[in-house]
Amino acid sequence: MYSFKNDYAEGAHPRILQALSDTNLEQSEGYGCDEHSLAAVQLIKKRLGADADKADVHLLCGGTQTNLTAISAFLRPHEAAIGTNMSHIFVHETGAIEATGHKILTVPTTDGKLYPDGVNAILDMHPNDEHMVKPRLVKISNSTEIGSVYTLKELEDLSRFCREKKLLLYADGARLGSALTAAGNETTLADMRRLTDAFYIGGTKNGALLGEALVIVNDALKEDFRYHIKQKGGLMAKGRILGIQFEELFRDDLFFDLARHANAMAQLIVSSLKKAGYSFLTASPSNQIFPILPNTLIEKLHKNWAFYVWSKIDESHSSVRLVTSWATSAEAVRKFIEEFE
Amino acid sequence: MYSFKNDYAEGAHPRILQALSDTNLEQSEGYGCDEHSLAAVQLIKKRLGADADKADVHLLCGGTQTNLTAISAFLRPHEAAIGTNMSHIFVHETGAIEATGHKILTVPTTDGKLYPDGVNAILDMHPNDEHMVKPRLVKISNSTEIGSVYTLKELEDLSRFCREKKLLLYADGARLGSALTAAGNETTLADMRRLTDAFYIGGTKNGALLGEALVIVNDALKEDFRYHIKQKGGLMAKGRILGIQFEELFRDDLFFDLARHANAMAQLIVSSLKKAGYSFLTASPSNQIFPILPNTLIEKLHKNWAFYVWSKIDESHSSVRLVTSWATSAEAVRKFIEEFE
Amino acid sequence: MYSFKNDYAEGAHPRILQALSDTNLEQSEGYGCDEHSLAAVQLIKKRLGADADKADVHLLCGGTQTNLTAISAFLRPHEAAIGTNMSHIFVHETGAIEATGHKILTVPTTDGKLYPDGVNAILDMHPNDEHMVKPRLVKISNSTEIGSVYTLKELEDLSRFCREKKLLLYADGARLGSALTAAGNETTLADMRRLTDAFYIGGTKNGALLGEALVIVNDALKEDFRYHIKQKGGLMAKGRILGIQFEELFRDDLFFDLARHANAMAQLIVSSLKKAGYSFLTASPSNQIFPILPNTLIEKLHKNWAFYVWSKIDESHSSVRLVTSWATSAEAVRKFIEEFE
Amino acid sequence: MYSFKNDYAEGAHPRILQALSDTNLEQSEGYGCDEHSLAAVQLIKKRLGADADKADVHLLCGGTQTNLTAISAFLRPHEAAIGTNMSHIFVHETGAIEATGHKILTVPTTDGKLYPDGVNAILDMHPNDEHMVKPRLVKISNSTEIGSVYTLKELEDLSRFCREKKLLLYADGARLGSALTAAGNETTLADMRRLTDAFYIGGTKNGALLGEALVIVNDALKEDFRYHIKQKGGLMAKGRILGIQFEELFRDDLFFDLARHANAMAQLIVSSLKKAGYSFLTASPSNQIFPILPNTLIEKLHKNWAFYVWSKIDESHSSVRLVTSWATSAEAVRKFIEEFE
């Protein structure tokens, strides 16, 4: 049984394990003040383009942790976040944002993306009325929860809209590596810095044991941020573990290479499925794909392959979610493809 | 410069790194449902004595995370925790418990411990009056924040008192390994299970990269606990990392051996300091010691040794905190001792 | 300019002002422990039918206050409320429920009501998965936010469904008086007690200066409730003010008489509008009606009458909200009707 | 039995009841946007001296409600309030502040007051360390919980200290009327505006049925404040009730006259007790006094007089709390005094 269930089924890229091993007995400062964490922060900043040194970078230990810490630190009590109705923070984080006191306002989506029009509809419904929450932060995921990737123009449009409307733009980058290395993508980390108020670079789903790097661009959001990390439980005593991993991922192009591999594996499957005549829930150039398959085929595939059924399409068809990762073997993909050739 | 600043200055015990490496390419379920996590839970349960299978064990990624998740899950909104005025949750977690909505009521301490009398004084001040919070959970740390260790009798007395008063007893075990292996200690993990409603076994400060194992004994506190872990950001996608580490720590006596080593190193320093005529802030048989030293000696020591000055004693003396760990080398301790011989 | 904007435009029914005056210099206990509050609670209990003495009744100072205090007291941190997408708690309380940490899951509605099917759809989407909140409390408003009134059968069906699914049923009764005296209504206060876990009887919008009476039926929700009222800021020092008012409202049938008058005034307008050929957003037998009018007529009416435009229907028509109260004069209604005859 | 238990045992001053009655059938806007609320705000601003029009004034429905709404709106999640260990928010509001997520740091007091030295000790313990909360708001009560009144110089010193240290100064004025009319007091409402960032003027304990007027002086704290009032449940639908009452209290000197009467009644008792040789827990020129009496006398007094025993002094003496109000009759005071003459 081989799994395409997710991109966190294996451990870490061997170079990361090696780095942990090589540095193991060094004595270092705790709580992210060690030299590896500081070096990792510098390596990430170098990727952020002009003014990069003005950004703050914090290493946290997971995606939900990062989202809840950032959003609760950025908002005042009466302010709300806006996301799609598929948004991870809205559906799959057990009310973590609401647990910090904030409502999430949702915009329906079919392709996983949030557009200015959808955000504007929310603003129209909240006309400066103290009986309603105040929309303040727009949260996107890139790639999205269903694998789609924002074009650079879409990001620029949304960013411009948010600035006009005095909304913060925050990007959940659990799978940002996959988005930025997807075929046709023009967006860079420097663009993410230029266009958002804050975003995070996901390590957990791209080759690290754990770890996300939060980049805070907007000066107004930076003050005292480490207090929030500590209060919400995300400040690791052995912060070095995060530093060592991100140092390795960004020492050269490892972070991007791993994501590129994951995408390539997924797209091999996409090509093959298209050739075989299958359609998809939405276009995805990234490492999560959602083909629509006959239930009989799904049943057959499940004998040797682990993956999630995503949604019912009609009586005899369902969409499924297939996820590849830095660790997905070309050999496994080849065998999987044979199943429906 | 050698550091006695804390017990999280190094990485992980080599056996743990090896185990992470050996299992690295196994595909496993996410979020703590993998086989290593399940096995680790079983190994821990075996140490809990009779009825051990009735306890729930959850693996979380840090101490503050564990404390805030457990306490907020266990209490209703109007209920408060009780701890000493040195309590980690009161002083050093950036208001993490209050951030989940709960007050901490404090009892002054000089030896770091909480006794029935102190708790009773809090109860006397809160006589079933809806204008005040309702004391509900007693939180201790074993070993304490200043290295002292509860005797078995002290734990039994406090446990009996809590049950009489319908108070929950929760033990922060960030350094439980050190406590349970300290000279003179009679308490076991089975006693901790027998005497508390919940407690955690700290991995981060005893040889793991990260990880704490929360043991929930009281049935009324078990329901839906994984929802709380997820909501507070502590449910790791690669939960296997916690499982693999605790599996290694409890496969044999590694957990206890590491703690015993840390204690031995600290006690070597204690003996030597006593011989040299120095006194201590409080008696500590564990891996944190607080000698009172002349400021001139402290200054001299700081040239080659890193450690924290804890508190001012008088114009010419201060207490300092020295912490040893599984990784502390006997060679370093020997050299350190020479400094004041 | 006469206002049909809401049912809280005037002060209190003269009998209430008289009672406040008559009792003014009595010295009484604070915080709802005075004799008037105790008497009011008994008078309300008498209306609750068999087992009425088993219900707890608390007097609070406003609707949002009551909703947020009750819901946050009833739920554990990971549990969510379910309401319609028009629900007052979802739209018009500035995220008060989320500010206490709880998500609200919504069901789309056109008639303002929540039915078992809609709730069931929410349950289907939340299949005991710790990555999502746990639906736990169903919140309805009777009458609803758009004036419709649940039939007794609808309440019985929803109540039965909730009990089967272990969901709590909580009814916001800001306008319960109007619902229970509406033409065709068969539901009584005793039915509300029998069918819900908790509900409140709104005073503010039915002749009191302020005040809502929360009835807690379910034993499991009663413990320590006054702590929650205090913590959330709703325990009035001069609680007697609430007691005196509810005593007056329930000493005889004043509460119901006032609501009946409000309904009668609204229904006079409904009849007249129907006669004139206008339709309505939804059928409402209560004191809030939502006729669909030509924009030209709305403009004309606004010269002499204050009311809110509710929603755009088409280019030339909008729905408006007209609200009557215990204080609405028959004379004003007569003149208003003449405008479109 | 006559009660000296508190200053909220009676209803409202007759002029207030009359004003409620006179305006009863006026139709007005809801939620504090009515003409009476606007007029009351203007009348209060007139008392605030130069730049008074720059202050924002909000009418809320109770003291705990005002404290929790203001403090949670003013602080970011990691910031803490500082108060005395007798502070109402710390002891007697059921953890209302903590329930909004904020820790209260306490300074021991014997006279009920907070001084720069005490606040400074808290700052010294919190040296910009993200592992601890960040002290940010100093909360005083004037008069204090034990009846003492800050001198103008004490307020000026504390204010200067807070501004130097970038701390917000917030004054709970539940009994501000009593403080400002106490013998020897030099502080005015204009001084309160000049020296604090925000403070409230208590109505409930000085002749109103309910109501507190929050004055926000610091521009940075003003934005969107009404959202917070609504979210926390304090925005009354019939906000006019608060407006009408404060309009009456500040139309002339009624507010101060009522407080002056309360003080005079208390001080009659003080003089008489002093003459009889009794001492006091602390000097109080206000309407709350804390004489130390023999337990035998307390027992005797309790036959005809209701009041609280405050604290045990020694085996045969206790301190008691006697509270007078706008409604305390000179006749009752005369009779009470006779008891110990």
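So that you can tell them apart, the chains are marked A, B, C and D in the order they are listed, and the count of residues begins at 1 in each.
Just so it is clear, a contact is a pair of C-beta atoms (placed from the backbone, for glycine too) under 8 Å apart; a residue touches a chain by one contact, two chains touch by 3 or more.
This is a predicted model, so every value here is computed, not measured.
Shared contact partners of chain A and chain C, listed by label, are B, D.
More inter-chain C-beta contacts link the pair C-D than the other of B-D and C-D. Centroids of chain C and chain D (each the mean of its C-alpha atoms) stand 33 Å apart. Chain B and chain C have Cα centroids separated by 50 Å. Taking each chain's centre as the average of its CA atoms, chain B and chain D sit 42 Å apart.
Contact of a single residue of chain A with at least two other chains is seen at positions 77-78, 93-95, 99-101, 130-131, 133, 227, 230-231, 235. Residues 31, 72-73, 76-78, 100-101, 130-131, 133-134, 224, 226-231, 235 of chain A are the ones touching chain D in the complex. Contact residues on chain A toward chain B in their complex (touch as defined above): 2-3, 5-6, 8-12, 14, 17, 20-21, 23-30, 61-65, 68-69, 93-96, 99, 204-205, 209-210, 227, 230-238, 240-241, 327. On chain D, the positions that touch chain B within their shared complex are 77-78, 80, 91-95, 98-103, 130-133.
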